[in-house]
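Once you scroll down, you'll see the structures, which are given as structure tokens.
Note that chain A is present in both complexes that follow, paired respectively with chain B and with chain C.
So, the complex of A and B:
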């Protein structure tokens, strides 16, 4: 299908990746902060080994959507989600529901166990959140939660994770220094390294570059593009150039709804909906 | 004489600044006078004998060893109790009490305890431990001090933990860790300087407390480490000596007061320095 900008003033356009490529599939998701509904029947198909970007104006629900994927909202009583988040052959929101066309299981059943879920879907936050311990221990923290490894294995995991997050060369001589002693950009890459050290299938990033300068942002983006060889990435960003530069699919959200979801190349060159066109050209709001 | 609006506002402003400065000066001058009189009256009496000899009978040479060591022992035991209970209670309030009615009640009662007259705490422990066990004891003194310090530690613990960002908690949980593990391994660690500060402030608070000890550890002119026996302490010895008619006892009371003041000052300064250090990192 090809969308012409002139004929495209439609309410919503969803062009998902084929079913067999999906690793995570959100269908008809409603989300509530207490009584306030923040997401309305949102669909989000996430393709394996790709970068999916979520864009949209502040308050459109993109971070909320991201936070449902690893169920981190669980921490707060009063927040709840309804609908389907299909992963590993299960509906994360209702482990007992029988789902037929879900992305197949690639590991042991999750069965509503948040620890197991979060070992497979990692997250990096807006502000760098190094733990108050050494760089080495920051990486080891998550690994120890899920696996027993020898010191030698751990050394190797620490090195590979930091290398993949493009941080190894900068910190290899000071692994025993506090993670808090690093610069903001380095801290954020430390958080990425920490996230991938547990070998998740999916890595969620919530505006990871919003607190970083352009140079640190560039380093982080390079790391992310390398990482999609091994991981599926979902990234929330306010930076449209960033979404266009690194993502394979882009979801544009507005007022708690998924308005447009398409391969990024087409979506940014010729937005199909009037809303996304206005947003991308800076006419929104 | 009439002023225009602008001049009047300026004058009011000067007047207000003057008032606040005067009030500050009164407080600072009072503190300096207290310290000054402690130094003038106490410094001359300080010597090695203060730390090597026990408190003397009237008009005999002596020091304050029994009182210093007694104070240290009861304060240390009291602080262990206060830190354990206070940190756990403060953690519950900050991390688990959110929006719970019980947490509001506990917080309110803790604030009441924080400002309760310490002589009431002394009487309470007297009824709790001294009367039932038929005797004054160092253990009762330590418990009374713990009652005074616990609300301080609870309060600072809650405040300090609340300073930690929710994103740090989420980051720990997002790794797959449970809530209590995140609190113990990440939040407590990030708050360590603040928690130590809370403990030091609690220690500063109890190191000069007299009233809770009068009905509990009573005082003991001889050196004793037994928890089941009455025990000397600096504040009770000062209380006894300062009211006496003997010049050398009163001199020792000044020395004891100076020692307590130095300890409290040091604990406060270290506590504040640590708290400031934690904000910078």
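So, the complex of A and C:
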């Protein structure tokens, strides 16, 4: 990709969803890997019950942005974020800050408790990451972390989650087999099932289909479209068709900035910025 | 065309030569192992034939009366090594987890160095330290107080029975634990580091606390290879000679309590081989060596079986 810095300087075009629809609202986010700044004043409004896609060339910061939303970057001492990530009536980056116009709280205070935050903002990673346990346990494990349920309830949760992730029919007869015994596509849908089993409000997906074949990708996409009735989804993808097919809003990023954020239909048909137009038509530089 | 064929066949010849070289390297190892086993069997045979199965269950060890039974050293070996593993394993897991998951990078360097240093200390140094420092301390601060506090007729009284000189099975196990600790900790640390980043992140991403990530995801992830680390430590504990000889008290009696003097197979052989006067004595010691060989081998096979089970 031959985008140069000048193109990233184009005025950004942001057509966000109305305030009252937002479940997550990122404002003026700067992100640093040590001294290297990777995000520059990024805004990202995430609408409830919609699929928001983040696209852009490699290294544009879309995965970095996604990884701030559940603060998974917190595992690494050198990385830090500045600005506002508003969720549940709080600024995740500064729990003590009083925020006036944040999206309303939908659950108990998070107060900087990362475990509690991640129970409500789940994540599915680029590579399938089944845990070293049975298919059933892969799902039950996460549920048990956050609440006590009876065996019968757990059976039901496992079945519901797997069904919603479009995996139940393929695994219902081998729930006690290791999660690692599944194919790549099945593993990834298992990870989706695992993520939704804890009933998060938001599900983050970091290029979930990049390691999958087309058939598995199609199954995953079908599952995602079904899921948006109950969950808010933010997905990072390299696949423009995928973004156009399944997303409601699309954010186009370039060199650590949010260049364009609009409803997907308009954004793909008629990109507002030259940079995004070049990107979606495959004319680089 | 001819040149090319020649070239190919030369490559093939090289290949065959290389394969043969590797094959013979492996065979040398097999031959050594077999030779060792055969030598031990031949050497130990007179004693084994003389005493029969009694050799393994009798606790007599009397060079004057030429009456040898291996029960004392065998039990001593198993108990000291087992106790050492029980003491070392939790510590090793703690060290490894701390280094990988919680330790600031600056400190990790020094702790790792200390662990590696611990592995580099010659066993005779541990032995001396055990005899001159650990044993007196243990006698004064553990054995004597217990001696006064515990009812000698109770279960605990029998468990802690023994001359309060600090040279006993328990202190030997403590020394062994310190000696195997760095091996197990280092291997466990490498294994924990080998857990893929994305699995670790996924666990945190589910809302796991650090404790849950370690105990529910990372340790189970390395469980299979961790058995290898434990076996490495156990192998060393079973065969460790010098340090144990210093501190175990070298009594051939069957150990009746935790604080009784005892002996291990290795310490017995080290103590007596130079002075073994009769052929039967030498043969009995070689038979002991054979037993140690078999125990170590059995431990390895056991580990393999455990690993195999887990795969299925």
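Note that in this section the second predicted complex is superposed on the first by the 274 of 285 C-alpha atoms of A that agree within 3 Å, B and C clash if a C-alpha of one lies under 4 Å from a C-alpha of the other, contacts with A are read in each partner's own complex, and residues count from 1 in each chain.
Rule of thumb we're sticking to: a residue touches a chain if its C-beta (ideal position, glycine included) is under 8 Å from a C-beta of that chain, and two chains touch if they have at least 3 such contacts.
These figures come from a predicted structure and were not determined experimentally.
When the two complexes are overlaid on chain A, chain B and chain C occupy overlapping space and clash. Shared-chain residue A:270: touches no atom of chain B or chain C.
Contacts of A:228 after superposition: neither chain B nor chain C is touched. Within the superposed three-chain model, A:245 lies out of touch with both chain B and chain C [touch as defined at top].
Look at A:180: by the touch rule set out above, it reaches chain B but stays clear of chain C. Applying the stated contact rule after C-alpha superposition, one finds that A:115 touches each of chain B and chain C.
In the superposition on chain A, A:129 makes contact with both chain B and chain C. In the superposed pair of complexes, A:70 makes contact with chain B and with chain C alike. Of 2-10, 92-100 or 146-154, the segment of chain C running into chain B after the two structures are fitted on chain A is 92-100. The contact surfaces that chain B and chain C form on chain A in the two complexes overlap at residues 70, 72, 75, 77, 114-119, 122-123, 125-127, 129, 131-133, 141-142, 145-146, 191, 194-195, 198.
Per the touch definition, chain C reaches chain A in the complex via residues 104-105, 196, 198-209, 212, 216-217, 220-221, 223. Note for the complex: chain B touches chain A at residues 99, 165, 167-179, 181, 185-186, 189-190, 192, 281. Only residues 70, 72, 75, 77, 114-119, 122-123, 125-127, 129, 131-133, 141-142, 145-146, 178, 180, 191, 194-195, 198 of chain A touch chain B when the two sit together in their complex.
The residues of chain A lying in touch with chain C in their complex are 70, 72, 75, 77, 114-119, 122-123, 125-127, 129, 131-133, 141-142, 145-146, 191, 194-195, 198.
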